[in-house]
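Quick one: structure below, then a few questions.
Chain IDs A, B, C and D follow the sequence of writing; residue 1 opens each chain.
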Amino acid sequence: MQQFASDNYAGMCPEALAYLEKANGGHVPAYGEDPYTEEVCERFREIFKHDCEVFFVFNGTAANSLALSTYCKPYHSVICSEFAHIETDECGAPEFFSHGSKILTAAGEQGRLGYEGIASVVHKRSDVHYPKPKVVSVTQATELGTVYDVNQLRNVQRAAQDFDLKIHMDGARFANALAELKATPAEITHEVGVDVLCLGGTKNGLAVGDAVIFFNRDDAAEFDYRCKQSGQLASKMRFISAQWLGILENDAWLKYGEHANNCAIQLESELKKIDELELLFPRQANSVFVNLPEHVRNGLAAKGWRFYTFIGAGGVRLMCSWNTQPESITNFIRDLKGLL
Amino acid sequence: MQQFASDNYAGMCPEALAYLEKANGGHVPAYGEDPYTEEVCERFREIFKHDCEVFFVFNGTAANSLALSTYCKPYHSVICSEFAHIETDECGAPEFFSHGSKILTAAGEQGRLGYEGIASVVHKRSDVHYPKPKVVSVTQATELGTVYDVNQLRNVQRAAQDFDLKIHMDGARFANALAELKATPAEITHEVGVDVLCLGGTKNGLAVGDAVIFFNRDDAAEFDYRCKQSGQLASKMRFISAQWLGILENDAWLKYGEHANNCAIQLESELKKIDELELLFPRQANSVFVNLPEHVRNGLAAKGWRFYTFIGAGGVRLMCSWNTQPESITNFIRDLKGLL
Amino acid sequence: MQQFASDNYAGMCPEALAYLEKANGGHVPAYGEDPYTEEVCERFREIFKHDCEVFFVFNGTAANSLALSTYCKPYHSVICSEFAHIETDECGAPEFFSHGSKILTAAGEQGRLGYEGIASVVHKRSDVHYPKPKVVSVTQATELGTVYDVNQLRNVQRAAQDFDLKIHMDGARFANALAELKATPAEITHEVGVDVLCLGGTKNGLAVGDAVIFFNRDDAAEFDYRCKQSGQLASKMRFISAQWLGILENDAWLKYGEHANNCAIQLESELKKIDELELLFPRQANSVFVNLPEHVRNGLAAKGWRFYTFIGAGGVRLMCSWNTQPESITNFIRDLKGLL
Amino acid sequence: MQQFASDNYAGMCPEALAYLEKANGGHVPAYGEDPYTEEVCERFREIFKHDCEVFFVFNGTAANSLALSTYCKPYHSVICSEFAHIETDECGAPEFFSHGSKILTAAGEQGRLGYEGIASVVHKRSDVHYPKPKVVSVTQATELGTVYDVNQLRNVQRAAQDFDLKIHMDGARFANALAELKATPAEITHEVGVDVLCLGGTKNGLAVGDAVIFFNRDDAAEFDYRCKQSGQLASKMRFISAQWLGILENDAWLKYGEHANNCAIQLESELKKIDELELLFPRQANSVFVNLPEHVRNGLAAKGWRFYTFIGAGGVRLMCSWNTQPESITNFIRDLKGLL
């Protein structure tokens, strides 16, 4: 039974699996000195139209935490939305990897940060008794299923420039944002001042393995040591990089992002037709947030549906994935209507 | 071209790949709440004949560091061989995860720790100005290609009891040790006082994923939080646990361990026939250490052979893997002889 | 010119200085194995009517952070008021010492935590993706100049019992709270479930040196190592412990706490007479919070008065100390009135 | 009874006490914004003939650890002598503050590091599986009672330049080294490439408080945050800085360093006259190392003498302090002779 709980419930996409199988032949050097890793890094440089440095780690928590700890000394702080994954769902990983950097949440709209929210956190304190802001972190697409358009990213960039902050982008669902925005990867990253992008592979159809992409090579110095020391250097790295080769080829990653978005559009459209329900945020990526009465939530659970009751914003999150099937949506809506 | 540099150069074994493919059907819950993970944990409890707690992490560095940090507060220390991977090849990961625990190396023979070596480190200091020993760490098979037999492990156990230490076993090549000893997993772990085993999957034929096995359930309390916070909780955990199911079925893991050992036996046998060469340690697992003159090392490298020049003990390490082929050995010996 | 900015602006009280001078004779063992330290620990056991373990560290930030890190593993969290010093004024020290424990702020009234506030934080999450609450921290007197009475502390205790939390008390101004409550030290600490008290010495008239008092001896095991490793073990410890002997003798510490409170009472009384001003919280310890118009704040600053504009709650904090003089209050009120 | 166990057994020198008393008048700003702190920083700049940045922390362990963590990321390493205090007597503090940096010990002579020892550690490894050397740490005077002369420091500087290392000097007994060398502070610090000096105050006659002196202002950026977060920012800082003013005035610090050295000279001279005894290292500062038979050590202990049996080098360390009295030496020698 397909689910709307998380895009982590889906398996590997065929392209990733095929490349993993293909990479399995013969002996190759370990720790990233294999030809697959070299090739995929080159591909990323083409895709981002930039001489970026690319590293592969095992998951998004590690990607975000390691990227942040590159910029943050223990007495620094990171500004993000109160809904940001680094604040709400990483069990203190950024604090752990950075050895104490504090996460400071800023107000924003629909999961996004804006200039004013960032400014108000920065202006709150400027003495040694409080951690010094060093990075602003944006999630693209956001945890509320919205995306930052280029103008909104430029506002973040302006704040970062004014307050001497680095920009970290949590791109766990970057492909979904790209699909929505019809933008190029460059336009929503280094061209708007993003210093480092944590690019999610797992939610995009891989079994394991996210990428950390530094747009300034100096920032990436010694990041290989950082990965190794924190248990994030894969010995058989080819099995991660090959999967990436699979989904980058023929733009499969974008195709899957678009597919998941389209499923969410269909789901939203069906939900909107139901008068009793209230949708919480504008759908812009692959998730829909809706308020469901308790008996409906329980009824759906009894029928085997799993979903997250969204922390801190109320309602239920319905997440579509790279392989969500139309009939799953139909079935879900049918079961839902039957409970109203 | 097959290599003797590292067992990490080999790919996935067929059993692991087959199970990974099999696990790819459908949506399943993330973060280890899937049926594959449940099943493989049960299999481990059967294999070890013990009600152990099992966790999966991404690699051996993380497994060792997280296991050690479970027992060690920052002011504690870990006693190990000077050749131990945690001392020589993890870039300070144990210190990083434990927030400062010091690694104290003890003298031993052929890569093993004995009672006297442990005792002499413990007796060196007992004041607050020096980290307090808390764990003794043994590697099975050792980094020098030897193994601890049951009696040798009992000596370690006796030291651990006398000095109030926990026992950590780095089992990156545990299957090779089992194959050599003709022992059961229980006999060389919890029956000789091992508290936690870090069981290597990668070197045993997986693409990624080592297991941490606690033999005392109390020690495992909240280890799931520890994994999550340190970026070691796989969202699509099924792709790790399924691979384990593959190699545990029909004792494939032991079969591969034995195969690698047999290749090392053959390699050692051929090397012994060459008068000019000196073998460094008794072969007991899947590696052979030999002194090679510089021009021979360079000549082999020129022909495309890769191997490690072993740090701290001199000579060259030749490592066989789950899929080393007899003709690779033949070719290597032929090329080597041609250079003498 | 005396100030109302902080009780840290005042110097050493005569009793502390006299004992420091007295302790200066001769050679004594270092690191706390001197007779002064032994004696003062015994005195604390009498004062608290409890077989407690006492340690001395250099300041309150270290005391709080080390006490919290005793209970918290990196993936744990600490619940406190949004105004708590550990949240607002220690630059991430608790996160640093604990290697990542997150501070979770709970709603409360007038700087205090209550059962409901604690419960709502605990109930917010119970999955491994969010740090697990382990300690509730109360400040006595609070950062808003209020105190917890015994009943209010019992509510905290009830929550701690219900949710399996340890209780940490930041007693930077513990003597002021005692003076206000007319309670014994035992009644507001171990008798209401406090596990560890960080007892401020600096604000009470010492030059340097706060005490960490564990009411359960097991909790204190190896705390000496923790202090040493974190740079908080004084080599010439006698110079801290002797100062404590000075202020504990003849209840000087309580006398000074009462004096500071009385000054705040006088200050509050004078401010209340000024119609234009609004007092922010009920005065219960040695500080008064008042809203002052900007031109008044600037005018007072121009006359040399220093004070904190209180972060996060508005207004100005006026803090009295162990040696605040009545004429300072008179002068301040006179200057203030002249500006209205 | 005076002792030769540690220069920490001695109290405060009169100059430090007098200035502490003098600084006790009136209210002054906290956290180092007082006039005493400003003045003493200026004095240091004169003494070192350099525009250095000066910070005060509570002890040498913190000074060393914070200075090292300024340069070291967690995956870096520090090269020092096997006898260095940071390796042997700080309970893992450097690893704790730096979040995992490894201490690598290099061979040297009589407690000093030389070019070859540093080079051999650097050349041992250069891959990401081992921490990257970043700092070389020298102790002046060394833990074996010897000093580095200018030429020996230049050798260290040459190694630091060749291998891109920063130079940290642990100056717990810097005044003793100065007295021995008849050098200026500048000549044995920034003029030979020292980047940061941790200058011991406690062993030089203070009650508490060591200085961290950065010779490159850029290195000191945000060090105030680092001190605050790690519990090393004194609220009543004047009581540390005033003591320093006391001992810097009229070169009291140097006078005391010389006095302690002279006592050690006398002690060495007396010990040399005793045929049965073997002196271990050339005396160059304020300590003497001698082999004493077990019954003599026990006999001296029975008479109330305390001293350290030196870890790792054998023998007994006899340490003279700023206030060692000639009759103490006479008495010690008399008791010692009586036991032979």
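The rule we apply is simple: contacts are C-beta pairs under 8 Å (C-beta built on N, C-alpha and C of every residue); 3 or more make two chains touch, one makes a residue touch a chain.
If you want to know which protein each chain is, UniProt gives these names: A, B, C, D = L-threonine aldolase.
Given the structure is predicted, the values throughout are model-derived calculations rather than measurements.
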Chain pair with more C-beta contacts, A-B versus A-D: A-B
Longest centre-to-centre distance from chain A (L-threonine aldolase), chain (CA-based): D
Separation of chain A (L-threonine aldolase) from chain C (L-threonine aldolase), taking each centre as the mean of its C-alpha atoms, in whole Å: 42
Chain A (L-threonine aldolase) and chain D (L-threonine aldolase), separation of their C-alpha mean positions in angstrom: 49
Distance from the mean Cα position of chain B (L-threonine aldolase) to that of chain A (L-threonine aldolase), given in whole angstrom: 34
Contacts with 2+ other chains: residues of chain C (L-threonine aldolase): 31, 74-75, 90-93, 96, 99-100, 128-129, 131, 225, 228-229, 233
Residue ranges of chain B (L-threonine aldolase) in contact with chain A (L-threonine aldolase) within the complex: 1-3, 5-6, 8-12, 17, 20-21, 23-31, 57-62, 65-66, 90-93, 96-97, 99, 202, 207-208, 225, 228-236, 238-240, 306, 321
Of all residues in chain B (L-threonine aldolase), those that touch chain D (L-threonine aldolase) in their complex: 74-75, 77, 88-93, 95-96, 99-102, 124-125, 128-131, 311
Touch list for chain D (L-threonine aldolase) against partner chain A (L-threonine aldolase), complex: 31, 73-75, 99-100, 128-129, 131-132, 222, 224-229, 233
